[in-house]
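By letter and in written order, the chains are A, B, C, D and E; residue numbering begins at 1 in each of them.
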Amino acid sequence: MHTNHIVPPRVYYAIFGILMLCTYLTVQIAFFDLGPLNVVAALTIAVFKATLVVLFFMHVKYSTKLTWAVVLGSVFWLGILLALTMSDYLTRVWRTYG
Amino acid sequence: MWTGTPLFPEQASTMAGRVDALYFFLIAISVFFSLLIAGLIVFYAVRYRRRDPAGVGAAAHGGMALEIAWSVIPFLITMVIFVWSASVYMAISRPPDETINVYVVGKQWMWKFQHLDGQREINELHVPVGRPVKLIMTSEDVIHDVFVPAFRVKADVIPGRYTNLWFQPTKPGRYHLFCAEYCGTRHSGMTGEVIVMEPNDYQTWLSGGAPEGSLATTGAKLFSDLACNTCHRPDAQGRGPVLEGLFGKTVSLQSGETVTVDEAYVRESILTPAAKITRGFQPIMPTFQGIVSEEQLLALVEYVKSLQSLPVTEGTGVGEPTTRLPSPPK
Amino acid sequence: MTTALVPARHYLNDGYGIKSWLLTRDHKRIALLYLAGVTFFFFIGGAFAVLIRLELATPVGDLVSDETYNKLFTMHGVMMVFFFLIPAIPSVLGNFLIPIMIGAKDLAFPKLNLASWYIYMLGAAFTTYAIVTGGLDTGWTFYTPFSTVASTSAVIPAALGIFITGFSSILTGLNFIVTIHQMRAPGMTWFRLPLFIWSHYATSLIMVLGTPVLAITILLVAAERLFHFGFFDPAVGGDPVLFQHLFWFYSHPAVYIMILPAMGVISELVAAFCRKPVYGYPFVAFASLAIAVLGFLVWAHHMFVAGISVYAAMIFSILSFLVAIPSAVKVFNWTATMYKGSVSWQTPMLYAIGFIGLFTIGGLTGLFLAAVGLDIHVTDTYFIVAHFHYIMVGGTIMAYLGGLHYWWPKISGRLYNEWLAKFSALVIFIGFNLTFFPQFILGYLGMPRRYHAYPPEFQVLNVLSSAGASILGVGYLLPMAYLMWSLRYGRLASDNPWGAVGLEWNTTSPPPTENFAEPPEVTWEAYDYGSPVVEEHV
Amino acid sequence: MTVHHEESDINLRGVLGFGLGLFVVAVVVHLVIWGMFSYFNAREARHVEPEYPLAITQAAKTPPEPRLQVNPRQDLRDLRDQEDRILGSYGWADKNAGTVRIPIDEAIRLTLQRGLPARQENGR
Amino acid sequence: MSDVHAHPALAHHFDSLEEQKEAATLGMWVFLVTEVLFFGGLFATYAIYRTWYPDAFAAASHELDVTLGTINTAVLITSSLTMALAVHAAQLGQRAKIMVFLALTMALGGVFLGIKSVEYYHKFAEHLIPGPGFQFEKEHIRHAQIFFSLYFVMTGLHALHMIIGFGIMLVMLWWTWRGTITAEYYSPIEISGLYWHFVDIVWIFLFPLLYLIGRHAH
């Protein structure tokens, strides 16, 4: 099992740097009018940052398959909640019952 | 004991037959599988009953073919049911293009209907047979639901939003209308009737000729029958406040507080007038508790509501202060 | 069969006194703490049910006021769902058996296990407080805006009670998942596990994934009531239907929390009382997982008339049909297990047979409801009430009783009176069907739910239902009585009175605190009746 | 040291495969339903001959006043706001008669200043 | 069976520290799954109302202080760094270093909460707390209330989690100080770290979704 893998601190500093850079980027981008892409950009950067935290700070990159399954599962489930709920709200314009 | 106990609702709308057909199909499937499973397990329990206390069953570890069979067959059956029911659902959810529209407002714990020509009803809905009717509904407070079992239709009535429900009655008669979404204390009392009439009777009813007049006209009649108009009159002989245009406004009470004239206040004024005495008037109004019924109360309230303001004379409009005090009554 | 040898030291006499129970870390004792709790709340919920049925025997509201009736059915639903049925099998039988069945000494987090019992009792305390200070009248479903704006009852304490108890569920599920992954004995591979374990694993997935959404939703209701946030208030732009989405996202999977453990019990009972492996073991195992996963995709079938889009309604309808397939697979596999089995007619098997029949009927009526065109007519009527009582009472409670009877010798070291037990099972079966079958007819006729006064033409069917409820009530009192009696006066049980296969039968009745004298090593398949390796252990 | 628990665990590929399969099924379901919905919609949109062609069809109109009140609380709030606005502002009451409207606070102040009309003996 | 020198931290029902550590880690991950779904309900609510009222959300989001929000984001990310370094020190059994990094993490957490309180106070002063005192200058007053309700519930819940995290750090500090944490037995630090990183991830999403809507306008 690789759960005892010790990550060298320089990796942490590097990730830290990228995260700060991304934060700066996301704030800057927000001040430009990209229309609907604003949300896309903001969320993409957020997902990217979260992925870095999960993989490196939380050691998932070096963890068991089970841990991967748990992480992916939680994201998938959140996706179910959002997707299926939106499938109601986004299609109400077509026709609602009642 | 069994007379008067129906076991199946009557079919009184064009959709009822379709819904019932689907229902019977599902019953058939259910009966089949229930008997199959129940029959098999009881049969096996008897046939393979343990005789030897140390007996062991004949292990069988399952065959792919059987597993696939009893996965695929239920899948196909359920898909058939799905397509059928989706078709019925689409039909129920889409009103035809030309309907008689009725506006409905549900509130705790009554239904108010208004027809396009102005007739208003409470807890009763008159419709003609053979023509599609669309209810355009909203709620004043919490979620309610209009349910007419004989028509097999139901739809939630939601505050802040309009929902629709349509049906086409096929048989004259009186049918239960229930509130089918729990809404508080008198949820079970929030019931009414849909009265389906022959076209001629419906026309008669529409023009107000039928005994069931609109609520406000009934109220008007009561107002004079009960001699309210002896005190509540706009001329100098009036001893009570002018009720024309009063509804919705604020009045000052003798106690100093101000109160808005809404349904509750009118109701209270009729039942316990001494409770809130309007400033500038003597407490001479008799109570009508026990003299008017609920229905009559509703009619009176509707009537007072419908009273339009009299032509404005100088300085008596809303919000215009006047330095003239109201004259004390004789 | 081994001789009846009661061990000198076992978990029940390993420490006396209230502290040894209230501060125990032993999963078996915690299971008994839960047993006390759930039984108590079952009888409270049952008392409310009795009052409901008494009121409904006449068409007018004469027994209790309408306000009281509204509180009665609400508290009946809340108590029965959150404080009885959701914890019953997992926290009693699951807690007791899971470590033993996988050959472990305890669950992964024993202190967390005890904490989850305290959390459960704390939540129950809040809810009981709500009951005694005026009650709750929102229905177990807490629909907005009624619960946030219009209800004048003890919504906030009850909501907090349910919120707190939810964490008990979450922690139990968490414990089970980690235990089943990490603490199986050597040789106990996934596909040698008893199906009881598979079911509880699937249940734990649901508990962990679904309950948090209930928690946040009920918290929002309490917050909206307190602070007038407006999430569900149309006056400020909120959507009352959003509450329903969030509520049912948990509450539909919750019903699978209530049935999957029962199905696990049935697998064990059928295998033990036919003395053969469950037919199609891997299919039954995967069907459990499929139910857990697919169960998250169907929630808006409770909202077909609530104002959702037609498109969404059709999506949820087709998915609801899909979730029925794994249940069908299980029922067929159990039936096939009985073929050429050595079928005993002892009480647990009677309950198992009852379950299969009644679950089939209840489940098939679920198909009526998934059929969206038909659900329009029957939603919010007694048809729904009948559907879920068939599955939850005719199904889960029968499985729970069957499991209690089956493992009673293991838990208590005593045997109960078989004839009384068989008689009670019969009384329960008859009472149950008499109570709830007429409700299908009532529902289709159009009698709405949550009505305490109804049109007189519905009375005869209601009277039948109430008569059945009284028989059912008596039926439940009987096992209470004779099981408790057996604790003192019942015959002592051997290690394996049923001649069944399973690690729990390889240890004493009752088991020692560490479950096994020697940690087991598993070299046989699940339910390997008749194999020489197993014979030696049985 | 002997292994005291079973090491083998879940098959991650199996789980991922199932998840992927589920996602695919979900997409297929959405497409199928979209297709069904469009088909049924088109069918329903067929114009159906009214059963009583001579019946006067009701044009899309709304009932006459007074309309059913939908949100009494809101109506009341609006009424109050409107009243407050009138109460607190200057304006013409009746231009022809030369009557002006002043804010009520002003009116109160002036009344206090000037006093109320006194009641005369033998008259009102 | 158990060897004579069973580690003092080894629980009786586990056979090895390794097994115990794996169980603890898996347990914490499963708990984080529940937290994802717990916040998930709020994100779903957010998604729906933002779709319904994009203008109100943009206008309301303007009232939030981007500078403070950005600083807070940076602070929290830094605290994640210090937390990761604390775990690293724990893996090497460097007691002093663990305590330093834990203290730093707590300090940064404190800064975050402090800035948050300032923000909340500003909102209170500007009558933007939902409820009877709510007052939003622009026309779409009612829908802005929904944004602020979401803002307070989401950030409030997040802050509550941080306070709990703070408490956990305190306990970890104490355990480290008294010597319970060694290179052999550092899993409490590791799983506390997992919790803290999760709280950071929630904020990583909250920040753009709450503070950066429609910033390009004026």
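Remarks
Rule of thumb we're sticking to: contacts are C-beta pairs under 8 Å (C-beta built on N, C-alpha and C of every residue); 3 or more make two chains touch, one makes a residue touch a chain.
None of the values given here were measured: they were computed from a predicted structure.
Between the interfaces A-C and B-C, more contacting C-beta pairs are found at B-C.
Comparing chain C-alpha centroids with the centroid of the full set of protein C-alpha atoms picks out C as the closest.
Relative to chain D, the most remote chain by averaged C-alpha coordinates is C.
The most distant chain from chain A is B, comparing centres defined as mean Cα coordinates. Per-chain Cα centroids separate chain D from chain E by 37 Å. The geometric centre of chain A is 48 Å away from that of chain B, both derived from CA atoms.
With touch defined as above, residues shared between interfaces to two or more other chains in chain B number as follows: 86-87, 89-91, 93-94, 155-156, 159-160, 163. Among the residues of chain E, those touching two or more other chains are numbered 19, 22, 26, 30, 33, 36-37, 40-41, 44, 48, 52.
For chain C, residues that reach two or more other chains under the stated contact definition are 104, 181-183, 209, 213, 235, 245, 249, 297, 305, 307, 310-311, 313-315, 318. Against chain C, the residues of chain B that register as touching in their complex are 1-2, 4-9, 18-19, 22-23, 26, 29-30, 33-34, 37-38, 40-42, 44-45, 48-50, 52-62, 66-67, 70-71, 74-75, 78-79, 81-82, 84-93, 108, 141-143, 145, 147, 149-150, 152-156, 158-161, 163, 176, 178-189. Residues 36-37, 40-41, 43-44, 47-48, 50-52, 55, 57-58, 60-64, 66-72, 76, 79, 83, 86-87, 93-94, 97, 99, 101, 104, 107, 111, 116-117, 124 of chain D touch chain B in their complex.
Residues of chain B that touch chain D in their complex: 83, 86-87, 90-91, 94, 96-98, 100-101, 103-105, 112, 114-118, 120, 130-131, 138, 140, 159-160, 199, 248, 250, 260, 262, 305-306, 314-315, 317-321, 323-325, 327. In the complex of the two chains, the chain C residues touching chain E come out as 99, 104-110, 112, 170, 173-175, 177-178, 181-183, 208-213, 215-217, 220, 223, 227-231, 235-239, 242, 245-246, 249. Looking at the complex, you find that chain A touches chain C at residues 66, 73-74, 77, 80-81, 84-85, 87-89, 91-92, 94-98.
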